[in-house]
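Note that the chains are named A, B, C and D in the order they appear, and that numbering of residues resets to 1 at the start of each chain.
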Amino acid sequence: MTIAAARWLRNGSVCFVGIGLPSAAANLARLTHAPDVVLIYESGTIGAKPQVLPLSIGDGELAETADTVVSVPEIFRYWLQGGRVDVGFLGAAQIDSFGNINTTVIGGSYDAPQVRLPGAGGAPEIVTAAKEVAILLKQNKRTFVEKLDFVTSSGYFERSQRSGGVKLRGRGPTTIISDLGVLNSDPATNELVLTAMHPGVCAEQVRNSTGWKLRVAANLEITPKPTARELAALRDLHARTAAAHGTAAGAE
Amino acid sequence: MTIAAARWLRNGSVCFVGIGLPSAAANLARLTHAPDVVLIYESGTIGAKPQVLPLSIGDGELAETADTVVSVPEIFRYWLQGGRVDVGFLGAAQIDSFGNINTTVIGGSYDAPQVRLPGAGGAPEIVTAAKEVAILLKQNKRTFVEKLDFVTSSGYFERSQRSGGVKLRGRGPTTIISDLGVLNSDPATNELVLTAMHPGVCAEQVRNSTGWKLRVAANLEITPKPTARELAALRDLHARTAAAHGTAAGAE
Amino acid sequence: MATLVSLREAAAELVHDGDSVALEGFTHLIPFAAGHELIRQRRRNLTLIRMTPDLIYDQMIGMGCAARLIFSWGGNPGVGSLHRFRDAIQTGWPAPLAIEEHSHADMAARYQAGASGLPFAVMRGYVGSDLPKHNKKIKSIECPFTGEVLAATPALHPDVSILHAQKADRKGNVLIYGIIGIQKEAALAAKKVIVTVEEIVDDLDAPTNACVLPSWVVSCVCVVPGGAHPSYAHGYYKRDNAFCVAWDGISRERETFRAWMDRHVMGTADFAEYRRSSGAEAKVISHR
Amino acid sequence: MATLVSLREAAAELVHDGDSVALEGFTHLIPFAAGHELIRQRRRNLTLIRMTPDLIYDQMIGMGCAARLIFSWGGNPGVGSLHRFRDAIQTGWPAPLAIEEHSHADMAARYQAGASGLPFAVMRGYVGSDLPKHNKKIKSIECPFTGEVLAATPALHPDVSILHAQKADRKGNVLIYGIIGIQKEAALAAKKVIVTVEEIVDDLDAPTNACVLPSWVVSCVCVVPGGAHPSYAHGYYKRDNAFCVAWDGISRERETFRAWMDRHVMGTADFAEYRRSSGAEAKVISHR
């Protein structure tokens, strides 16, 4: 999953990175095929090149290796809202078939939730301001759901229904990368469709791990196996991270 | 005039300084009775402590001696508009009896002026955002006029007439310091009234140098003569400035 | 002008029950010592403001200091959930917690508007999100030139903002570097400002365009070495990741949480004693 | 990614007749070399944007490059009037000059809105001023929370912004320090960015929170030592005050102005030759 997500990132692109899996994948990309990818973390670090994975969005390692460190209002106003970000690389707690994201509450109501999640963070603006968004998320019926309990950050359905005439600059969450495969939005309907599966996964397994009636692309692909170089780079990254933090951040 | 203006500045006050005479007076204050006055220039220098007078609002001397140097948008938004400035210390091309300022055009119309002046600069917002404003200006019938050709920055009359319900935080241009004396706004009418004359000046002379029918305060004062210390500090400041720039910036 | 006082005095004098208080620091330089002092002094009914209410607000909420929370992301960074934050919202323990929830971009904009003396902030935000349905402070505004509809939210003006910084000079000028987060805006938006620092120095030695808070915008400076622990102070010590992981266990149940807080915070006189008590010694790093 | 080219190539490729162009630098780091190059290449009908159109725009206006000027203060700092600017507005020589006039705070806000991807800026401004009567771009907007009426102006988005900076590294990352003015906002608001620099270095050696423009927001970097003269480059050379005073005499009459420009700008191939021709050698200062 980390490797598949890393591959998706183009060299030279400017990437607004979420902590955890997205950060692991983005740094793997930087250490393999995309040395010139520009990583921006919402803590204000631009062009961060960490040698170990950060545990938090504002680790000192990010500041020390960045081209420059700006304030949090500046990162959101000049760099994200200003339209400077090519790719938003995010995690989520739940998504639906149109790429809408929930990171707020599960069950009950907003005022009396069954489970209170951390909340929005930077995501509501990342999904609309970045030119394109990829979401990384382990796939099962609790994470890939028919209907979200709360729309924290909007995908396609909400965009068309609710943007109210506001111009959205980005293409939205075009790609979901899970531990089972890759989903892309159908340009006609905006619905997420399974376009690739990781080696050893079958379509039935993906359907059974999805809370909605998942459509499968006609030309369904199999993700190429991780190469020795990718595996080595990921292993080294995790080893350095574990040595530095005493834990394996972003490990799968 | 420079000395009278310098005296007016209280120690410890935060002063947004215009270039030229205001800058000379503010630095004289800092070098005499007000060592802890905080000088802010619109170029972004906060707490500047120049040893020689700057010729421009953005001389390197200001940056080198400042506590910190911020961007121009920050100086206007966080520091001026944010309400952090006690005193605006400004020059002008023309004022009227209510302390309105013209620095835009003289004669003709705005579109076809007889004389085009530099324009607004920071003044329109300084006069409303600073808690109090002092204006330094040589006094004659061309500078102290009955009616301005253009209101660039508003004094009292315009404030009451035209603020349109906008809350103004400052008390406006309470004090005008000229080469002849000092005018203060009458708290009742807001009209500028002569309250002090410099040594050797008579009220008749001030009236004849004023374009409107100037009111004179009942308890008209005479500005105390410059002290030896003040004169020495001003002379040294100008001498250092002349040596550094090859010219006497802000000299009277 | 900033006065140099003990944190105990600063908290007692400047922070009152019912105040709105912003303890800021984006992952870096989180003012834990100040948060502990407010807990020790049993401050109540506070409106707590913070973009990322992490461990520090989990502790304050769990100890009953807060009546209201204004925030944009409430988690234990790199670890998971905040159990006391969750418990307060889900079950109202130890006290009901009203929430005013935003996105990061919006919280940053609200602080910026406050620092800028503007009554409101404008942003491209919340398109398609459910958040505005549950937060009346999120309104919309139309561009007078393009007709576009954007989000508008009111400026933040905390009664007190509390920061931790690397150093101050003897006059009380404060230098913050590394990840500077929202600190300058939080300070300039507030009515009063308390800054705890690692040390007082003769000369700040600040680069020309560094993030400096001049003495005259700071109410009090308090010297509290290690005062950001388990957060970090760039150039002084690293983030104590092990503590953040351990907090997940400590805070999961009300009883273990209360026992820990009673012993290490309520049962200690100040942050120095807390550090000895909890074994939470910040490891000073070499490249300082 | 920034490409390293000559200023002649950068100007020829990126700046076209009719473009809106912002040459920024608030007293410090004014891109004179770039202004001269646009004059040499006989650019016409430009909309010139600049908070303080001082000598550089006096020269460009007098040489007929501009059809329109967006500005907030047009003078020769520390000296007096700009005679070519005046002549263009008062008599339309050498070409009529339309003006769009603001205050500094507003120009800064307009650039900020442009950099922020917002269609408009909000400010407490112009209360009681006649400027809004003569500038249709200054409108008002009501706060949705307090009902206060504030000024609103449209975002600036120059076709090209041109800056001078102290240095760039080999990748094209640019460091600006000292009085940083409105440069970052001018760059981020623009569609294309040209930066002239004093030198290219292996390592920028920038403080953590310095004003850095990453390579990927810059179109071209051009090495032009002394390129801010008679303005200054903090750490490299001082402001040439004598030249600014002399300009008052040179520019007062159309004839002396044209003769000077023809000889030193039109009659030279580039900025290095101009500096030799005009005797305007920037004096490198020692504390670099």
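The rule is short, and it goes like this: a contact is a pair of C-beta atoms (placed from the backbone, for glycine too) under 8 Å apart; a residue touches a chain by one contact, two chains touch by 3 or more.
Quick caveat: nothing in here was measured; it's all calculated off a predicted structure.
A comparison of the A-C and B-C interfaces places the larger number of contacting C-beta pairs at A-C. Between the CA-based centres of subunit A and subunit C the separation comes to 27 Å, rounded to the whole angstrom. Subunit A and subunit D have Cα centroids lying 40 Å from one another.
Of all residues in subunit C, those touching 2 or more other chains are 117-118, 123-124, 148, 150, 178, 180, 184-185, 208-211, 234, listed in ascending order.
In subunit B, the residues touching two or more other chains are 63, 69-70, 77, 81, 129. Contact topology of the protein chains: irregular, matching none of line, ring, star or complete. A complete list of chain pairs in contact reads A-C, A-D, B-C, B-D, C-D. Across the complex, subunit A is touched by residues 1, 115-118, 173, 184-185, 188, 206, 208-212, 214, 216-217 of subunit D.
Residues 12, 14, 38, 46-47, 63, 66-70, 77-78, 81-84, 129, 169 of subunit B touch subunit C in their complex. Against subunit C, the residues of subunit A that register as touching in their complex are 19-20, 42-45, 54-60, 62-63, 69-73, 76-77, 80-81, 100, 104, 110-125, 128-129, 150-155, 158-159, 161-168, 245-247, 249. Subunit D makes touch with subunit C in their complex at residues 117-120, 122-124, 139-141, 143-146, 148, 150, 152, 154, 177-178, 180, 207-211, 234.
Residues 26-28, 51, 71-75, 77-78, 81-82, 85-86, 89-90, 101-105, 108-109, 111-112, 123-131, 134, 148-150, 178-182, 184-185, 211, 232, 234, 238-239, 241-242, 244-245 of subunit C are the ones touching subunit A in the complex.
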